[in-house]
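My questions all concern the structure below.
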């Protein structure tokens, strides 16, 4: 578990071949050549091999933006883009939880109800019972975590399929939500509540957005560079400095353009900052901690994970707890956006949209494959479509059809581009 | 009806000169007949008539508050000059209206009294509708003493269902004994059928004298349940004056429905909207004044709903050209129409 | 050679549904020794080692670790004792890459955070030791060949510092060279004082590296033999339960079979019962 | 493929052992002793081993019935039971389709929308356009099949995960449904339509119900007996005659008691007859045809099925077609029950209830395990709870909560009773 | 012995992502002959037979069946030609019972309806032929031991009447007795004029039943040898690409290693490179 551990063999034992001799690299491996040509060649190979990662989604996003801008002329206005960046926060935070659950190879159908329940709890506590705003928010999120834990216990300890547990939760918690709301159909947000700020506070000083963009860029470049240097020191294949810089440039471009756009409207929205914070934290957890590794392992092959000594039940349980807490957090954003908690908050297509976002973003439904940023990409796709259709004043039934169709097209692109890979996959 | 598509050019709304302008229209759901079939065409037609260069940006929220909020923001993004808002959840709108106000866009509350600083309110009061439902039911119970009533209410998650319900209660609680009461998720006719059947099972076929149903869509399911239990001739009332409901009224399966003359409501609203657009005074259009939880003295027009029974169909729905005799009297109902004197 | 047993099982039984997989099995494992576990297909070898590894808790019987009775209820317990296992069905996470699989449950961390660089370097070194060619340690194990996967599973068991290593048919999928490497490895591990359990169907391998051979038959003990003084035929007889078995028949037939295989086939056909129509 | 096929080995080749010698049976296999004691012993072993099949669900049903009868006094009346038997038909028929899809290891989220769409198509055709009733019904079912086929094509041929395809369908088809309904919010059923009869026609002659019960019993006993005789002739372990008779007696008991109860109310409902017909047909297809075997194989291990020469894409595609057709058929029952087609038909909790029914009934979500009758058992459980709560006049939010809780309990029982089995399962 | 080849591959190449698994491979399979296919782990043996079986269509090259060029794009095509395959990864449906697995894709029907009775009887007979004990042919294959599954997979290939049978490491998981049975079976099939491809890492088995040995190395042909005139060492040298390999080193060390394993281990330790800290 630590630096000082010893492997039985590699420490002191012999390599049975001639001393110090290393195996020649496999001659069949088509290694990437260095330099610019290497990139082009590698990219071409990946297109042919269907290993495009998130490129299809990004292209899809660009197409969506172009089409809607052509149709409405207002899609690419800073105002609309800024609005989109606020709208995605709630569903996006919930989608982060769903990505974690999907990585486990499970599904959580209850998040809509949990979001609604938590918003109801917050509203009743802070408005009806006059509990302090921050305390109510924390209690609401804790309630979401508790609900998630209940699901986790039934799934991980009792052994009921997660699909069924959360299906029961989907029904049961929305009943509790209605019951918690009691007589009130809707409870308005108090004027000075944090929940209102979640979706309605903007850092209007333009330096805020630029500072954040600078921090993100610098952080990315620095961490990559440190990592690649260590790899080079350990004599492992490492990315050259130019590549790091190119990637850093891309990150800088995206973040500064975003910052500039946001500053054109009302500044950097708090919603976006919180969403990014959740994304970065979750991404760190998934990729750089033992716990994250365990999530992937359990999702890939639970029995193998168990045999590796991983406490499978604990991993499963905690992931559902996190998903519940994130659903609750996201629910508060929805309450903020809709103007208050209501009996119907979290019902309707929210659940399906959140799951769709995670899947469109590139997280597999079958466990063990995916990344946190799919929550961002997928929510962006779905919200862009919705916003675009709203700007076009499409009637609701057409909206349904178009959302369905675009969802399908997005995933068809993805499936087709991954096809070669899939065929090559083993049993 | 296709909105937008080719014919909208919201981006040109910058030049809000004397003649042109754009008006946003937000309606709450797309499963009830009225919004798509009546409210929207009436409003659009009237606006067109009053202001040929005006355009209407229409969106339907599909019963989702957050979706409506986004549509509201989209209208602001498009730069509309006036918003007509029929809120999914009228209690949630105070902030939205404030946002619009900050941009100088006036909001008209249509049909439901949206909270916040709205410029005007034109509606049939939902509580009134509930009261009328209750009153008509009591009336059609006729001479029964101590009448026993089953209540089938709308969706528990829909704030408006709560208003109908409390309106109806305000009448029925004194006048009748409510022996069975259920909310029906999603206003679903099939579930209404199951609820009604359960009522029949637990009360017995003669355990109640009339049925309050929140709308016509559910009344279909309730009547199916009554028929299959062999119960006919009990007073059953709905709301909305849907075509299917009117046909049942003609054929005697359903006793009444609540008809809101949508044309005057829609047209008044259109007039107010155009007046706001042009900065004209509209006080004579809104003689009444109501208070919302957030605001007092909102200029308003409150219209009176009408209970439609077999006796007054011709004078109300048909006279208003809400539906024609041909639409109601299809082959299936021709016989009944004759008997009811519709032709 | 007669050190106290590090691990000893007595009277172990295990049932699956309607199948009594193990009945009253005893086994002793000593440090610095290779104990081969042999038996027919379905004899219960894998089940036995899975009970030791904590995959299937035992129904009855006792397990002693260094003389003290222990309960092994889950794989984690076995690992804590110092038992590392290479399963017959490998139990790798197909979606993870080779490095992640090797260090699963034993990740190397640096200031609390995973240290992929160190893990990758050590993984590469470890695999080189086993002289296997793997295109890249960064590809998911799903795309490895059967033998490559097998080697990854073996290497996994050597991460950390086990005292008992269980190898369930480790060379079944391996090429001749890799098999030789693994046998070398087994000997080196024994040399370092580890206790090893080796399950194999290959008598040559067993005789080459094992010190003692424990035979299972139909879920029961069927004798323990010192390799040095036992012939292959005796072990095979214990495995099959009879001196007259397909193996011995095949041996006795070997020369004519090579010469006229077709004739031989017809030969055995002759006395087949007619199939019912 | 036929009786005349030859295996390379078994026909003419030798058994290499002594001639005619058969392997002794495995001494470790705890075979069932014959006779009554054998059954008791076997049953005890199965309880301990957790191989209880559908017994937990049946016990659950009995408990539900007892509890509600105690609470309401009207639950076990012939009238309520008869009503339940009508209400289960629509969701039950849809659940049969879901069971097939689950056997494939997939899920169909679109069935609610498809049911609504088909009902809308039927109503618009037959009422608005005056098309002949039977033709409209057939066209509506054909439309459902066509929609299912579209999903199947995207899933099986294009390779988009079924979850996503049918999620897109869930959104898209309900848009089409609203569009098809056009101006009308609801369309009444014409007086003499078959669709009305689906849920409102009863064979009021008491002989109808009894004849059906007799047919079912006789058919069951005869088929079992013929099958076991053939097994005995082939020298395979066969059930003794007494066991066949005991089982036959049980079938007779259930069918005649049901028939008697139904006759106490209005007679045998057409709805139940149609539902049973669908169940029997589907069960025959799944268990006795090559196609059914292929469904299980694809659900268990698609790659192995492919390597066995099965046309995996065809199996997948057709299963979605069937599920679509069944959803459409079930949708017509719902229309009959609700008094007509409406824009909201098929929305709400229908989808979740249908899936929950299939799972409660004992069909695995992970493919390859399950049986058709879980559609009947599961729908019965869910409908019994709903009916019981309605009889108790529980408010909607309590209904949500209780449904969620009972759903959970039903599956917990099932999971716990299967636990031993699961632990024993291999990787 | 030199009948016209029933199946011949020429210039077959296959790539997975960044790995060129097969390059320009030629192979000829003749009726009444057992062709052994050998090679190191990851040499491409399984990939090669999967291209023949239609699991992975080839990227380039040609396949001739009885002299005519054919396209094998999916497993069904191969089965139609008469090619039956036992895969290294078995490819059984874990949820189906033994009988259903055996007859999958070849179900016996009676008046259009599945005939479970006939299938079960024949399955039992067939498995008896292979002398494997399986608790019941009605239990899901998920609960069988590794060897039992292997035998089921082999039996599967014999349903129907193939002309070419491909066995990818069929005896890897088998006990000594079952291995002998399978080798007997291979000889009987050859006797009936079938063409067989046998992949195995066990040189003894290969030399016992094969007529010719085709060697693959790093995805390329590395010679075809007639078994009768080739020694095991020559084949191993072709497999490993060098006469000096772990196998030969191990052999030459065999006697001292047996005597003093510990010393031997230390011996090899001496010249190990120091691990970087």
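Think of it as A, B, C, D and E in the order they're written, each chain with its own count starting at 1.
FYI, contacts are C-beta pairs under 8 Å (C-beta built on N, C-alpha and C of every residue); 3 or more make two chains touch, one makes a residue touch a chain.
Worth saying up front: this structure is predicted, and the values here are computed from it rather than measured.
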Chains in simultaneous contact with subunit C and subunit D: A, E
Most remote chain, CA-based centroid, reference being subunit E: B
Inter-chain centre distance, subunit C versus subunit E - centres from mean C-alpha coordinates, in Å: 21
Averaged-CA centre spacing for the pair subunit E and subunit B, given as whole angstrom: 74
Separation of subunit D from subunit E, taking each centre as the mean of its C-alpha atoms, in whole Å: 42
Multi-partner residues of subunit D (at least 2 other chains): 10, 13-16, 26, 28-29, 178, 301, 303-304, 349, 396-397, 424, 426-427
Overlap residues in subunit B, where contacts from two or more other chains coincide: 30, 36, 156
Sites on subunit E at which at least two other chains make contact: 16-19, 89, 91, 121, 125, 131, 133-135, 143, 181, 184, 188-189, 192, 246, 249, 265, 268-269, 275
Subunit D to subunit B touching residues, read off their complex: 72, 74, 77, 79-80, 83, 87, 90, 127, 130, 178, 183-188, 190-191, 199-200, 334, 336-340, 342-345, 347-349, 386-387, 390-393, 395-397
Subunit A to subunit C touching residues, read off their complex: 1-3, 5-10, 13-17, 22-23, 26, 28-29, 227, 230-231, 234-236, 287-290, 293, 296-297, 299-301, 303-311, 367-369, 424-426
Of all residues in subunit E, those that touch subunit D in their complex: 53, 55, 74-76, 79, 85, 87, 90-96, 100, 104-110, 112-115, 117-118, 120-122, 124-126, 128-129, 131, 133-136, 142-143, 156, 158-162, 165, 181, 184-185, 188-189, 192, 194
Complex contacts: residues of subunit A adjacent to subunit D: 109, 154, 158-161, 163-165, 167-179, 301, 303-304, 349, 352, 355-356, 359-360, 365, 396-401, 403-405, 407-408, 411-412, 415-416, 418-419, 422, 426-427
Of all residues in subunit B, those that touch subunit A in their complex: 1-5, 8-11, 30, 36, 57-67, 69-71, 73-74, 76-79, 89, 91-96, 115, 155-159, 162
